[in-house]
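The two complexes that follow have subunit A in common; it is paired with subunit B in the first and with subunit C in the second.
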Partner chain A sequence: MSAMLLNKEKWPDFVGKLAGKNLWVPRADGDAIRFAPAAEGEAPALDYSNSRVPPKQAVFPQTETLFRFKVDGEDLEVPQIEDQTVLLGVRPCDARAMTIIDKLFSWDENDPYYLKRREMVTMIGLACTEPGLNCFCSSVGGSPASTEGLDLLIVDLGENYLLEAVTEKGEAVLKDTADLLDEAKDDPIQQKEKIIKEAEQKIKRSVDPEGIPEGLPRLWEDPLWQRVSASCLGCGTCTFLCPTCHCFDIQDETEGFESRRCRTWDSCMFGEYTLHTSGHNPRPTRRERTRNRINHKYSYYVDKFDVIACVGCGRCINLCPVNIDIVNILGQVKEAL
Partner chain B sequence: MRTNNNPYIPYNATVEDTWYETGGERAIKTFKVVLDDEEVRKNWNHCPGQCAMIGVLGVGESMISISCSPTEGEFLRFSVMRMGKVTQALHQLEPGDKITVRGPYGNSFPLDEWQGKHILTIGGGIGQAPMRPIVEYVKANYDDYGGLTMIYGARTSGDLCFKGEFEDMAQNDELSCHLTIDVEEEDWDHNVGFVPSMLMDLNPSPENTIAITCGPPIMIRFVLENLKKLGFEDAQIYTTLENRMKCGIGKCGRCNTGGMYVCKDGPVFNYATLKEIPEAFA
Partner chain C sequence: MDLEKLRETAAEVVAREDVKYLLGWKSGTFGYRVAPGFVEDTAGAAELIFSPLCTANLATYLTLVEKLPVPRGQEPDQRKVAVMVKGCDSRAVTQLLVEKGIDRDDLIIIGCPCPGMVDPALLAEKYPETEEPAVVKWSENGFLLAQNGRETNLARDEFLAVKCQLCRYPNPVVSDIMLGEPVEAWELAEDKGVTEVEGKDADERWDFWVEQFSKCVRCYSCRNVCPLCYCEDCVLDRLNPTWVNRSVNISENTAFNIARAFHLAGRCIECGECERVCPANIPLGRLNRKLAREVRDKYGFEPGVDPEAEPFQASYKPDDPEDFIL
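Up next, the complex of A and B:
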């Protein structure tokens, strides 16, 4: 795969070339960054830590119509997913997260909505040079310049961006923008390696997951679950904003004579999530829900799909209103083992 | 009607017949359902123990046990307790009305493995719904099995499902059918007492026997204890689990018990597997 250089002065032109497709870019929204369809001529600044809502929303929307139907009708209309989408500025952890939930959406029966969107998306990543306060990607199999799940990786080299194609889709982007690019020689590659090495050293949080997947079942009744969930408000932020959380609800909505069945993000941190119609709840309190969240990510998912369902993006730590900290929980798990 | 192999698109079906099994606020109504599309109907292939998502467009879907055996014909039966929004809407349905069906979902009872063995089903209340297809299947293939004993109980005679069918069975010498209710009633000529104690009274031999139990959690707990007292090994005991479900295909997340998805890895579980999952009886 090829690597090219893009002078930063040509950045708006580069983004302009991508604009023919359904282009999503990171955009400042108050004090947060969110991914949104690009406005005409919009060239995002690549100076953010990460978006608040992970870019999974482009392939797994928060609310999505499964099919439409008329009241008293039998014909179902399934929305067609036809748009080629480009996601620009995806952090490596979030791209890796999609490869992790790909496994869920394609095991046994395929999920046609998710997989079609995945097929139609080109992911252009942005390597991390300044990891966030609570980033711990390198503990769980990622790195600031991981290319897993990406089609093209952008590395900020100061005056230039280094553009490395990872897949055929990435090569196609380089080809489409060839007149803006220069050949990348040995120097920029060495420069990149130095920058990434420095970035890795700037990661402050860490946990060694060794022993956790096999060990968690032994801690089922450990007092730690009461301890780590005591302050939980059950708001669900940790799961809603998690790039590997994939759970959803299915609901029917009717307005006038038009109805739709849709799915929306759901959270295992909500009591209703598992509530039986009889009133019985197999996970009645936040202790059981927190235990399930950690077990699902660090044990069940590993058993089923051979990968930890956490990429160390730090969102659940950064955005928890009561400072519940997954790295700290995992530390307590290790201690209890 | 299912297009592009989209597992979220239900099949259209028609309610052919309905009747009430029990009355009261939480009445149980049975629906005999026929899939509309001939090809879909021919390709439908469920096994005892499996479930289906049945629903009403505009209201939603619920995962319900298929309470008939494929040996009974090209139709499906569901016995539904009126509980929440979807089951309320289902209870409004009458013969000729439309219903949606997705499935069949989940694993099933390993009836092939059980050939040559004596089959003992122990059900309570609506928990008889997944037991009934086993009973019907074994009745239809009686020579392949070493006999059939059925224990079924409910709080009152009015709470027993499929009572008419089992009254006939109780007269049949080939099958051993035992009905019980919790408290004495006039004109009740079967057993009085809880299901777990009736199991002890019958004292079935564990030899070459498979025991399957389904019912309220408290009943299951005591049935399991009593089966152990009778000398049953864990591997000889099966039960079914239920949890809230939305997708039925192992994606939406919520039905997990430990690392198992009840919709995919269940609903049928061998007790030897189940007792290793701390959350299974939560």
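Up next, the complex of A and C:
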């Protein structure tokens, strides 16, 4: 795969070339960054550590219409996903997260909606040079310049950007923008390696997952779950803003005679999650729900798909209203083992 | 406030046989975070703090605990819960008592007169959080931030949280034990957030809220953190019939946010927690403060002040104004 240099002065032209497709860029909104379809001539916000809502929303929207139907009719209308989408400025952790949830959506059944969107998306990543306060990607198999899930990786070298193609889709982007690019020789690659090493050293939080996946089942009734969940509010902040959380609910929504079946994000922190029709809920309190969140990420998923379903982006830590801190919980898990 | 006195009092309270636990504030795991603490013993009491970072309203936890059926042969735990309250928090407790959502006999209320909280988001914007938990204290002309061995003075005018700028009850209105001396109430600021929206015409106001509600991700953190959103069966969770669809779009988001604001009219005690926790940064406080102001101006009613009051939405006076009825 090839690597090229882009002088920063040509950056707006580079973005302009991508704008012909359905281009999503990070946009500053108050103190948060959100991914949104780019407006004409919009300069993507690149000076951030994490978007508030992860870019998973571009391939796994919070609300997805599966099909429409009429209450008194027989025809189903299935929305077609046709748009080629480009996600620009994706953080490596968020791209890696998509490769993790790919496993779920192509496991027992292939999920046509999710997989079609994945097929249609080109992900252009931006390596982290300034990790956030609660980033811990390097503890869970990631890195500030991980290319997993990306088609093209951009590294900020100061005056230039280094563009490294990871897949054929990434090569195609380099080809389309070739007139803006210069050859990258050995030097920029070494410069990149130095920058990434420095970024890695700036990561302050860590957890050693060794022993956690096998150990968690032994802690099923451990008092630690009561302790760490006592202050949980049962809201969906941690799960909705998690790049690997993928639970969904399916509902029929009807207006007059028009109906649609939709899929919406669900959260294991909600009281109605796994609530049975009988009224029984196997996870009746916040204790069981918190235990589920940790077990799902650090035990069940490892068991099934051989990867931790957490990329260490730190969103759940940063945004929990009551300071429930997954690194701290994992520390307590290690202690209890 | 004297922290030693606070911890000593807390230790005495949790040592009592009729007390299950004490709800207080503890230093968080990093930066300006404060964690709600469920204290059951002296060691836990020794970790308690009361600082300008203790914005969380712990009254929420009085109704949040799930009531599971008691196994056969076991007695229900009838011990009391002790709760540390600031002025605003004590109004939430009072309002819960008014609504009979909690029983006064189940509570030990520890009052903390409050000189005002810092706005944690604003503080983090000016002085970024670091991995070490920072210490913030009250000082003569504002607050003092101690972070990584450096001390910084923070001007009160600049860093006082909006909810505190508008606070008329810095001292707890109900308590069993009061820690420290009452603080003097301060001059109220103008509610710029509400007046800004009021200054718009109907279309602009609608556009403003459409833009805000379109950011909502329906995590329900505002509902869950609210000490007065404690219905066991919330209208938002109902599926049969479904009052609010699960779809996240501007129509459903608006239905949700407006329904919540209406259900809090004459009940919201303006603790500002909804706005603090919203991950989408929706200025929910403005909505609730506007309704609180309407209820105050039109009906002379203020929730959470008098434990003997009749609940506003369940009371009727023959001379109630009806000028809003078309």
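The rule is short, and it goes like this: the second predicted complex is superposed on the first by the 336 of 337 C-alpha atoms of A that agree within 3 Å, B and C clash if a C-alpha of one lies under 4 Å from a C-alpha of the other, contacts with A are read in each partner's own complex, and residues count from 1 in each chain.
Assume a contact is a pair of C-beta atoms (placed from the backbone, for glycine too) under 8 Å apart; a residue touches a chain by one contact, two chains touch by 3 or more.
As the structure is a prediction and not an experimental result, all values here were calculated from the model.
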{"item": "Combined model on subunit A where subunit B meets subunit C, clash or fit", "value": "fit"}
{"item": "Subunit B versus subunit C as contact partner of A:T167, first or second or both or neither", "value": "neither"}
{"item": "Which superposed partner A:T63 touches (first subunit B, second subunit C, both, neither)", "value": "second"}
{"item": "First (subunit B), second (subunit C), both or neither touched by A:L241", "value": "second"}
{"item": "Touched partner set for A:S206, first subunit B, second subunit C, both or neither", "value": "neither"}
{"item": "Contacts of A:K304 with subunit B and subunit C, given as first, second, both or neither", "value": "first"}
{"item": "Touching partner for A:N328 - first (subunit B), second (subunit C), both, neither", "value": "second"}
{"item": "Which of subunit B and subunit C A:Q251 touches, first, second, both or neither", "value": "both"}
{"item": "Contacts of A:S49 with subunit B and subunit C, given as first, second, both or neither", "value": "neither"}
{"item": "Shortest CA-CA distance between subunit B and subunit C [superposed frame, angstrom]", "value": "5"}
{"item": "Set intersection of subunit A contacts, subunit C complex versus subunit B complex", "value": "249, 251"}
{"item": "Residue ranges of subunit B touching subunit A (in the complex, touch as defined)", "value": "1, 3-9, 12, 57-61, 83-84, 87, 98, 217, 242-244, 246-247, 249-254, 256-259, 264, 278-279, 282"}
{"item": "For the subunit A and subunit B complex, residues of the former touching the latter", "value": "66-67, 69, 71, 73-74, 76, 78, 104-105, 107-113, 217, 220-221, 246-252, 254, 259, 261, 263, 266, 268, 273-278, 280, 282-283, 288, 292, 295-296, 299-300, 303-304"}
{"item": "Residues of subunit A that touch subunit C when the two form their complex", "value": "29-32, 34, 52-53, 62-63, 133-134, 204-205, 230-231, 233-237, 240-241, 249, 251, 253, 262, 264-265, 267, 270-272, 284-286, 317, 319, 321-323, 325, 327-328"}
{"item": "Subunit A partner contacts - residues on subunit C that touch it in the complex", "value": "28-31, 33-38, 56, 60-61, 64, 66, 68, 121, 125, 128-131, 215, 217-221, 223-225, 237, 239, 242, 245-249, 273, 276-277, 279-281"}
